[in-house]
Amino acid sequence: MRALTYFVTEAAGSLWRGRRAASLAILTIGAGLFVLGFFLIVNTNLQRLAARWGETAEFAIYLRDDVSAEQVESLSRLVHDSGVAARVDQVSKDQALERFRQDFPDLGATAERLNRNPFPASLDVRLRPGASRAEEAAEALAGTLAGSPGVADVRYDRRWLARLNGVVRFVRTVGLIIVGMLALAAALTVANVVRLAAHARRDEIEIMQLVGAPLTYIRGPLVLEGVMQGGAGAVVAIAALGALSALLRARYGGAISQVLGMESLTFLPVELSGILLLGGMLLGCIGGLMVARGVR
Amino acid sequence: MIEARGVSKLYGRGVYALQDLTLRIDKGEFVFLTGPSGAGKSTLLRLLLRQDVPSEGEMIVGGRNLAALTGRQVQSYRRSLGFVFQDFKLLQAKTVLENVAFVPRVLGLAVAQQQRRTFQVLKWVGLQHRMNAYPRELSGGEQQRIAIARALVNDPVIILADEPTGNLDPDLSLEIMNLLREVNARGTTVLIATHDRELIRRVGRRSLTLDHGRIVEVS
Amino acid sequence: MRALTYFVTEAAGSLWRGRRAASLAILTIGAGLFVLGFFLIVNTNLQRLAARWGETAEFAIYLRDDVSAEQVESLSRLVHDSGVAARVDQVSKDQALERFRQDFPDLGATAERLNRNPFPASLDVRLRPGASRAEEAAEALAGTLAGSPGVADVRYDRRWLARLNGVVRFVRTVGLIIVGMLALAAALTVANVVRLAAHARRDEIEIMQLVGAPLTYIRGPLVLEGVMQGGAGAVVAIAALGALSALLRARYGGAISQVLGMESLTFLPVELSGILLLGGMLLGCIGGLMVARGVR
Amino acid sequence: MIEARGVSKLYGRGVYALQDLTLRIDKGEFVFLTGPSGAGKSTLLRLLLRQDVPSEGEMIVGGRNLAALTGRQVQSYRRSLGFVFQDFKLLQAKTVLENVAFVPRVLGLAVAQQQRRTFQVLKWVGLQHRMNAYPRELSGGEQQRIAIARALVNDPVIILADEPTGNLDPDLSLEIMNLLREVNARGTTVLIATHDRELIRRVGRRSLTLDHGRIVEVS
């Protein structure tokens, strides 16, 4: 207990005495962790985005104008049985026209002037998200359907999905590298900073050694100082991320959601804050230990 | 209490700081170590603090061979010593009070005990009125007295002092010596390195004169 | 000249004496600049990717089976006149079937069994990349075409394009923030490190002041030390980026290009190396100046 | 050369380190400053180095009021001084040679000149054989001599020395004094703060005794 009190007061006192250096340090760590956290948020959102887009990937079966109700029925059953579909919507010629009017409101007049409805009826299939081997199954289905009676054309967003998956894979790889490097940089920064603190206290450490102070008393405050700085840096990062999130949500939240088709972007989940805080303290601890180990 | 048996200390390139030194200081003695600059006084004290080990021979303190101590034993051994460094080694970022209280503090003593001892030794060296000053706000002599106070604060069994009056005027030097004699009268062994022959004469205790790492005179 | 020699030898000597701290510092700066550079590379490639994908965005006009040659001709002219098209390819019903066979080789058998060709002929329009207001123009064209005689359906990758543009905008914003924070973190790191160096040299600096050394002599080595560390950090970062690029190119170059549809990914252009090097030195200089300014 | 006119130096909370001090030291003089610990000796020297300015009164050196100097003028003024600090202020990371050569180096002297002077002063203080050692490898007295050598290396007009013999034995102290007398004989003004009354008696020059910030004796 007495030792702990000593550690805490010493570490806090040392931080206070070197408050300029310490704030610089905390800011540095904060900046590093901010970027880390920011990247994690972006990554999470990109992954969610990719998942969403994957869900909304469509598989449209355009029907001939002369299709019969039974043909539609059997096509529908075919799709259901294939297991790749989450939902099948039947879109009539009129609904297709209406949809066009909504999608291109400026062209409403043009649509009015049409002497006959040029849009085909269709079955819009929403693919089941994450079904295993969904891509291959969808391809097979597309082939079967294309040859079925009553079908004018099959459209499948295949190229886009492949690209999307490519991007997600790319971002994930990149993310791992960036996160790793940032964690390294943050640890090095903390080590640097604690080193600075140890350097500032080397006279103290020398005297402690010469009067026979226990090693724990020498090393404890150094490690704790690292932990405190790392924690403070994390708090700075979390606060900055929170502020940025609030700002982005307020300014662009609606627009982004619309454009990207996500109802809610994740900004700063509690778990991330916890991870950042613990991570910062862990980094600080590592940095502190690195320096403390040098003190024999 | 303190015994050196054929101790030599060799620094690189054949520089002997101590050469085949044998001496014996009994418990409760008050001994001066003198000799010209570079004679090896500080080196001998450094060996006694176990900052270094002899190149040859043995340093025995309280029956234990210092060279054979483990890290933990060195710590507990040092806790039984009080040391006044030739260059004071005061902490610039701490006040006088904090400098002195630092030792009992890092040795894990209870707070009440820390304070009692600290005030006591500051009063002994006559600097309780400057206790909230920082070392750089003190004169050289005042700093020296803080260094002495810090060596006394832990009630050591042995006091080793390297030139403890180098920055003090003759009157103050004698005062400090009287203080150390008092401490000595209560059973603490005292070993003081100094150039001040006048002071040695006035205090009138045993003195060992070193030159080129050898004892050349005992009086 | 004498002063310069002094600066260089002092700075180099100081770095050498504190080589452990200096290497830690250089590594930290290097890690920061690495992430910065890495991010810039990723950003560049994403932007290029977006541009490419924008180019390959398609606009397909499906033709009714009973379309006449004149109608095709006038549709083609309409597309050309709109100015949004880079190229128009005419795809006959047979070519469409053939394309299906190629896209879905596993379904070749199915296609063989078809009693009649279900695929419509089409005009495939490749949009002109970067045409101003291309999106609106393409929409207008889609409206016009949808009502023209002989057209069965108009397919326009509108949703995907909007999404793509959204992603690119998002990445660009994110990129600016990340780059800014990383630059800040790197500058803080350098300042920290130079501060450490200044701290280690405070006795020296005190003596210089007390013997009346010119201010330039006091500050010069500090600034130069910052510049040297920043530069060394940049070199580390560039080397790491180079190594990573070589690795990625060798391992995944082909695969990524295929998936993402880019012939060549940009890895480590010379300009980026130059920017990183200059940036590192500038950051070091700023850090050094920050510390040197504190020396009156 | 050096003139103090009614100089007082007040540190916080009414502590007068110097009080209405008036003195005059002519060019080429050799003067001792003495007095008990805390009398204000170091404070007076610090004012002369222009590390600080008087709270009241004026310090005039070479006809210039030190308090009125600009930053650049302070630099050039200090270049004309040689100072021995009570705590040496040696650079631990540099060798003896580098420590001494540091001064001409940072003042931008030519390399040949740097080396010539450095070797010369190291020989004067008798430490040319230790020139590649680091300060921590030297005894206290050896470090003190390095500090003196550094003060002499720049051929100063005035030498200010704070307790330059505190760590030296009497013989060596006298040697150093003889060296400073030599330098003084070539026209350099010398002002030395010391406790060592014996030394002052032996050197036999003018001495000013301070106590509580006032001159209490001139002899």
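To keep things simple, chains are lettered A, B, C and D as they appear, and every chain counts its residues starting from 1.
In this section, contacts are C-beta pairs under 8 Å (C-beta built on N, C-alpha and C of every residue); 3 or more make two chains touch, one makes a residue touch a chain.
Computed from a prediction, not measured in an experiment: that's the story for all the values here.
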Chains in simultaneous contact with subunit B and subunit D: none
Relative to subunit D, chain with the most remote C-alpha centre: A
Whole-Å separation of chain centres (CA-atom averages), subunit A against subunit B: 63
Subunit B and subunit C: spacing of chain centres that average the CA atoms, whole Å: 67
Approximate Å spacing (C-alpha centroids) for the pair subunit A, subunit C: 19
Subunit A: positions in contact with at least two other chains: 200
For subunit D, residues contacting two or more additional chains: none
Chain contact graph, described as a line, ring, star, complete graph or other shape: ring
Full enumeration of touching chain pairs: A-B, A-C, B-D, C-D
Subunit B residues within the subunit A interface of the complex: 49, 51, 71, 74-79, 81, 83, 89, 91-93, 102-103, 105-108, 110, 154
Residue ranges of subunit C in contact with subunit A within the complex: 21, 24-25, 27-28, 31-32, 34-35, 38-39, 42, 49, 53, 62, 100, 103-104, 106-107, 110-111, 113-114, 118-120, 139-140, 142-144, 146-147, 151-153, 155, 157-158, 160, 162-163, 165-167, 170, 174, 177-178, 181-182, 184-185, 188-189, 191-193, 195-196, 199-200, 244, 256, 259-261
Residue numbers on subunit C that touch subunit D, as the complex places them: 2-3, 6, 17, 200, 203-204, 206-208, 210-215, 217-218, 296
Complex contacts: residues of subunit B adjacent to subunit D: 11, 34-39, 41-42, 86-88, 137-142, 144-145, 162-163, 166-172, 195, 197-198
